[in-house]
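Letters A, B, C, D and E mark the chains in the order given here, with residues in each chain numbered from 1 onward.
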Amino acid sequence: MTTTANSTGRAPEAGRSEPVLSVGDLTITFPASRGGRGGSQDGGLNVLDALSLDVHDGEFVAVLGPSGCGKSTLLRALGGLLDPRAQVEGTIAVPSDASGRRATAWMPQRDGLLPWRRAMANAMVGAIAAGVPRDRAYPRAQQLFEEFGLAGFERAWPHELSGGMRQRLALLRTCLAERPVLLLDEPFGGLDPVTRRRMNAWLATVHLTEQAAAADAVARDASTTGSGVVLVTHDIDEAMTLADRIVVLSDRPGRLLYEARARQGGEERYDRGSLLSALDC
Amino acid sequence: MTTTANSTGRAPEAGRSEPVLSVGDLTITFPASRGGRGGSQDGGLNVLDALSLDVHDGEFVAVLGPSGCGKSTLLRALGGLLDPRAQVEGTIAVPSDASGRRATAWMPQRDGLLPWRRAMANAMVGAIAAGVPRDRAYPRAQQLFEEFGLAGFERAWPHELSGGMRQRLALLRTCLAERPVLLLDEPFGGLDPVTRRRMNAWLATVHLTEQAAAADAVARDASTTGSGVVLVTHDIDEAMTLADRIVVLSDRPGRLLYEARARQGGEERYDRGSLLSALDC
Amino acid sequence: MIGATHRTQRVPGSRLRAALIGTATVAVLVAAWEAAVRIGNLPPFVLPRPSQVVATAVEQAPLLGPHVATTATEAVLGLAMGTMLGWLLAVLTSAFPTSGQISHPVVLLSQTIPTVVLAPLMILWAGYGLTPKVTLVALTVFFPVLVAATAAIRDVDAEYSDTVAGLGGGKAHQMWLVRLPASVPGALAGLRIAATYAVGAAVVSEYLAGESGIGVFIQRSRKAYAVDQIFVGIALIAILSALMVAAIVALRRVATPWQTNLVST
Amino acid sequence: MIGATHRTQRVPGSRLRAALIGTATVAVLVAAWEAAVRIGNLPPFVLPRPSQVVATAVEQAPLLGPHVATTATEAVLGLAMGTMLGWLLAVLTSAFPTSGQISHPVVLLSQTIPTVVLAPLMILWAGYGLTPKVTLVALTVFFPVLVAATAAIRDVDAEYSDTVAGLGGGKAHQMWLVRLPASVPGALAGLRIAATYAVGAAVVSEYLAGESGIGVFIQRSRKAYAVDQIFVGIALIAILSALMVAAIVALRRVATPWQTNLVST
Amino acid sequence: SSTDTDTKDEAALDSATNAAQPLTPVTVVLDWTPNTNHSGLYLALANGWYEDAGLDVTVIEPGETSGLQLLAAGQADFAFSVAEGLLPARAAGADVVSVATVIEHNTSSLLSLADEGITRPRDLEGKNYGSYGSDLETAIISSLVECDGGDPAKVDHVPLVSDDFRIGLTQDQFDTAWVFDAWDTLRLSEVDGMDVNTIAFRDWFDCIPDWYTPLLATSGAEIESSPETVGAFVQVTAHGYAAAMEDPTVAADALIAAAPELDAALVTASADWLADKYATSPQAWGQQDGATWDRFSQWLTDNDMLDGDPSVDGAWTNEFLPAKQ
């Protein structure tokens, strides 16, 4: 059951242009763990099942689905970070930059802060890894520490930060990489509602503009395509507010269960009812 | 501003009996980190400010508050797990069992699964640490693996589990400890809405009964008090559904901003409006 | 655009590869040695050619068996004893810091007193048999295991001990559930160092008062100016050491099944 | 019910305490030694009394300065060189497994060839000066650093390298941002082992060809059958080693500021 | 060698008849790895002569450990040692006694390559002497050079790296070194065919003292408690050396059988060379001379190498040897 709704102004119609990022018939199976996983999973665990998904230029795609269905695995596959033991079938195509590297920036579900770097140094990891010059990244980082409510914690060690602060720092780090395609794995999971809405708004407005600029910059060098965001979340409201398209995966093995495009103009961007019923399956 | 609403049948009126767990005028300050935290936080970070909180027998208290206000720090203080460098003022009283140990079971915000133990062995850590006999804990663990949707993953390593699966496993482990007082730090943070509600319901019904029984068992040995739950969450609906009392902390340093008891009988257990406005402060 | 069409990808047979590269390296080294001696025209008493050494080894083969057996026995027993000792001490001192502060100077002394000084005392106490040699090997071995295991225990995330403590676990539980398993990779790194030293330590202990063993063989060969025999002895030490290290690496796979990133070394 | 009223609690002065306990242990050991010799009535030729040793040390004090300086120089230089070497090799081989597979046999050989065999070749190549001794110390030191750092790098959570790779970081970034810092605690554990061995290695290298140094002092004393002087030499080795270890422990506090759980050892 | 087999059979018979009487365990510590200095011991062992005398002999190779320490500590009954070790040990309070000298005179010499032209002590001027670093060496070399009219200050002492003198001499690490003729000199000249010169100490006893190296020592306590065992052991050993002097080939075979790692050519040459050096006659093996002990002890004292009184008279005895003086 695949439902398609209208698209927003930014996101082009499906099939109209080459997708920025594309997954075709992706099936991922994890082998039995060493010493056996035991129970029904022996002989391998099928996580994603013939999943196809395109992200077009400027599009913001939210991925929803039950816990353990393969959302993080999908994001890892897009980021080129899959466990090498995983068996992968199907096609994955992601944009690359001038130097031939993936044009993606991935934010792991468990923040991935480096224990041996202070908060600011952890933020700069994004810039360093992506090759963003320090004199551009550092002032921006300072400003984002302010905006993200982390000011004063520049020199704190990760273990001295609260769970939500860690997550904000991880998002900050990801944004400093200035990559055209963002792969965000539950970036707002540990935040209180107020902070969450604030961060949502920030991502929607400020960042998407900058990201498109980054994509343009990359595109000028290479002959690559534009920008995009893939956001994994469990928050339906967040998905409906932010995303141009919502994708719901089924229980493991994750298959495409539901897909909807945001309605242009109107008050209700999505049909909440059908979305909820897809999630309740 | 402290608001008090009606109490449910289970939770006794405030002041009517000795509290199970009690915090008086608790102020916690973290010293400047090694090499200085820099910025405004130099000279120490005041996290909790003169916080007082009683939990009575059988009571389920939800703690809400902005990210970084000190919720996890409060739970650590109750569990006796505070960073030894923290400066603590005020009183903390928690129940102890027959052998003089704290009668609490703490679930950390970041699951705390041991990488060198498979899923089932990690679950059993709760029973082992709390001294619950294996022949009682193991069948229960098997049953809970089923109920928590983890069946088939008994022999998986923690890094082979999804974020939400890890969190469910951590909760499972905490419950196997069979302690009268539960200290849960965002136990349902990484779960999709469906799984989340299912886990909520499980905690509300099945577990609370068993936990009261555990408290009775402990009480029979020693002359200690009953059971209780302190739940840190960012989900307002979850708090309203589960809790007998909701406590909202202010921005750092965390002070008591709002307190409400669930109304007995009626449809709306809490006044959503005043709760939301407290959170929006 | 990075694109890929996947059909079940698998990790290559990296263990076989490692073994092949290792063998090739040794072969190249030996060839270089042979060439160096021939080209440099070094007299055989400075550095014999590997071909000579092999010839001598073949010739002496019947003699070597008992020597090798003696040394291997000492090394294996000493390694086992020393590892146990070092690991236990690491776990103990991490649980009771005072015991560490007390044992620290003794441990340091045990590592700094030269064997030549220790040996007469050791013979005084343990006689001439296997005991003093196994003790000397154990003394060499226990230290790297102790230090590396202690470091591993210390570096383990406080999160894990807190989790156990937060469930009501006492010192013993933290030890058993967290410190002990957390110390395994470190102890194995120490053991990897120790295994390399064990055979050498056994050989040195044989210099002190031996009747059999590779050390005795080398010592007799040295005094008899039989340089090629000395190199046979060295080759035996290297081979035995390599076997010990291989055993430890294999042990690591078994002892830390949760670690998937077990590459090389 | 566990209750507590808190007023600012602080960590006790555990470093002072550790130093006191350590000193006390050494004092007890020395007293036990004195008592054992007196009660066991051992000839000083077998084991001299500590009081005798102290008397000899005082008497010989003017002689000792240059010897100690030589040995300390060799040990410190060798330790620095060996550590650099071991650490670099660890980082390198973790990034390029093939380089590890190639260097592995060479490294093993370098650790198993007895010094007595290596020394003449070393002198052929480097002469009598400081170089061969520093080289021998470095050769002893680099191995524990290599192994412990390699283990630490290998055991670092894949999560961290993934994070850097997921942001576009290449091999070099993963090395610089993750592997190198992650190897620091391990390298320090190796260094802790190495520091204990460094002085001893310098002393052994002086046995081989020295004109000055604690090793020369001990060797001369042995040839002169002056057992009390030998023990003066041993005491010097122990003291120098203890100083080296103390320096490494201090270095650890500086080099790993993110670790708060820096207890004992 | 049919006589060899005969004696072995006899020994076997003897020990079978003596089976009821348990053998007395005796531990002997060597001063080095097995070599021709120990020929008598190994020959006696091979022939079972110790068993015949009621002794069960265990031989220990001490490596770096001094046999005298083991004697003093009661861990050994006999030790091969040297006079320059025994006297300081006594001065330090160890009751160790020499019961026989293995070789009648010191067979040390200074070895050099013939090209260097070092034929007498004063030729050492301007040369490098490869030194073990002991005071005794410095004193002996100085005495030799000075006595021969040279300037000891002009001899350069460099450390010995390897005990393989071939490396040191040919690789220009040093020009000359202190060696033992019966082993090192023979190795280089006879076995390796190198062209070498020696300055034998025995040719310069006017300048330096003679001393006993190696010798066979036991402890005063052993002599006190079981003089019969000491007597039996020394007598059988003397018998062994006497036999070695009479038939060096048999002695060499016994040694090679016990330590097959040794170079047969070297052992044979050494056994031959030593046959008439152990003593003036097979019957006289082991005899020590009070005057030699006194002169050496005095020389050590004069050169500050003896700290205390070794009571020289108690340092040695010929009492247990077969032919008493």
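Convention: a contact is a pair of C-beta atoms (placed from the backbone, for glycine too) under 8 Å apart; a residue touches a chain by one contact, two chains touch by 3 or more.
All figures in this text were calculated on a predicted structure; none of them were measured in a lab.
S.K.: Go through the assembly and pull out the chains touching subunit B as well as subunit E.
M.R.: Both subunit B and subunit E are touched by C, D, going by the contact rule given at the top.
S.K.: Where centres are the averaged C-alpha coordinates, which chain has the largest centre distance to subunit A?
M.R.: Result for the farthest chain: E.
S.K.: Determine which two chains are connected by the greatest number of contacting C-beta pairs.
M.R.: C-D
S.K.: Averaged over CA atoms, how far is the centre of subunit C from the centre of subunit E? Could you give it in whole Å?
M.R.: Their C-alpha centroids are separated by 38 Å.
S.K.: Cα centroid separation between subunit A and subunit B, in whole Å?
M.R.: 30
S.K.: How many angstrom lie between the centres of subunit A and subunit E, each centre taken as the mean Cα position?
M.R.: 84
S.K.: Among the residues of subunit A, which are close enough to touch at least two other chains?
M.R.: 35, 80, 102, 110, 157, 159 - these are the residues of subunit A that touch more than one other chain.
S.K.: What parts of subunit E, by residue number, touch at least two of the other chains?
M.R.: Each of 66, 69, 73, 164, 167, 171 in subunit E touches at least two other chains.
S.K.: In subunit C, which residues are in touch with two or more of the other chains?
M.R.: 46, 116, 120, 124, 158, 222, 260
S.K.: Could you list each pair of chains that touch one another?
M.R.: Here the touching chain pairs work out to A-B, A-C, A-D, B-C, B-D, C-D, C-E, D-E.
S.K.: Which residues of subunit B touch subunit A in the complex?
M.R.: Contact set of subunit B toward subunit A: 30, 33, 35-41, 64-68, 71-72, 109-110, 118, 149, 151-157, 160-165, 168, 185-186, 189-196, 234, 236, 279-280.
S.K.: Sort out for me which residues of subunit C touch subunit B in the complex.
M.R.: So the residues of subunit C touching subunit B come out as 159-160, 162-170, 173, 177-178, 181-182, 184, 256, 258, 260.
S.K.: Looking at the complex, which residues from subunit A come into contact with subunit D?
M.R.: Going through subunit A, the ones touching subunit D are 76, 79-81, 97, 101-108, 110, 112, 114-117, 125-126, 128-131, 157-159, 173-174, 177, 179, 183.
S.K.: Considering the complex alone, what residue numbers of subunit C touch subunit D?
M.R.: For this pair, the touching residues of subunit C are 14, 17-18, 21-22, 25-26, 29, 46-47, 93-94, 97-98, 100-106, 108-109, 111-114, 116-117, 120-121, 124, 143-144, 147-148, 150-152, 154-155, 158, 185-186, 188-190, 192-193, 196-197, 199-200, 203-204, 218, 222, 230-231, 234, 237-238, 241-242, 245, 259-265.
S.K.: Report the residues of subunit E in contact with subunit D in the complex, numbered from low to high.
M.R.: 66, 68-69, 72-73, 85, 88-89, 92-95, 132-136, 158-162, 164, 167, 171, 173, 305, 307
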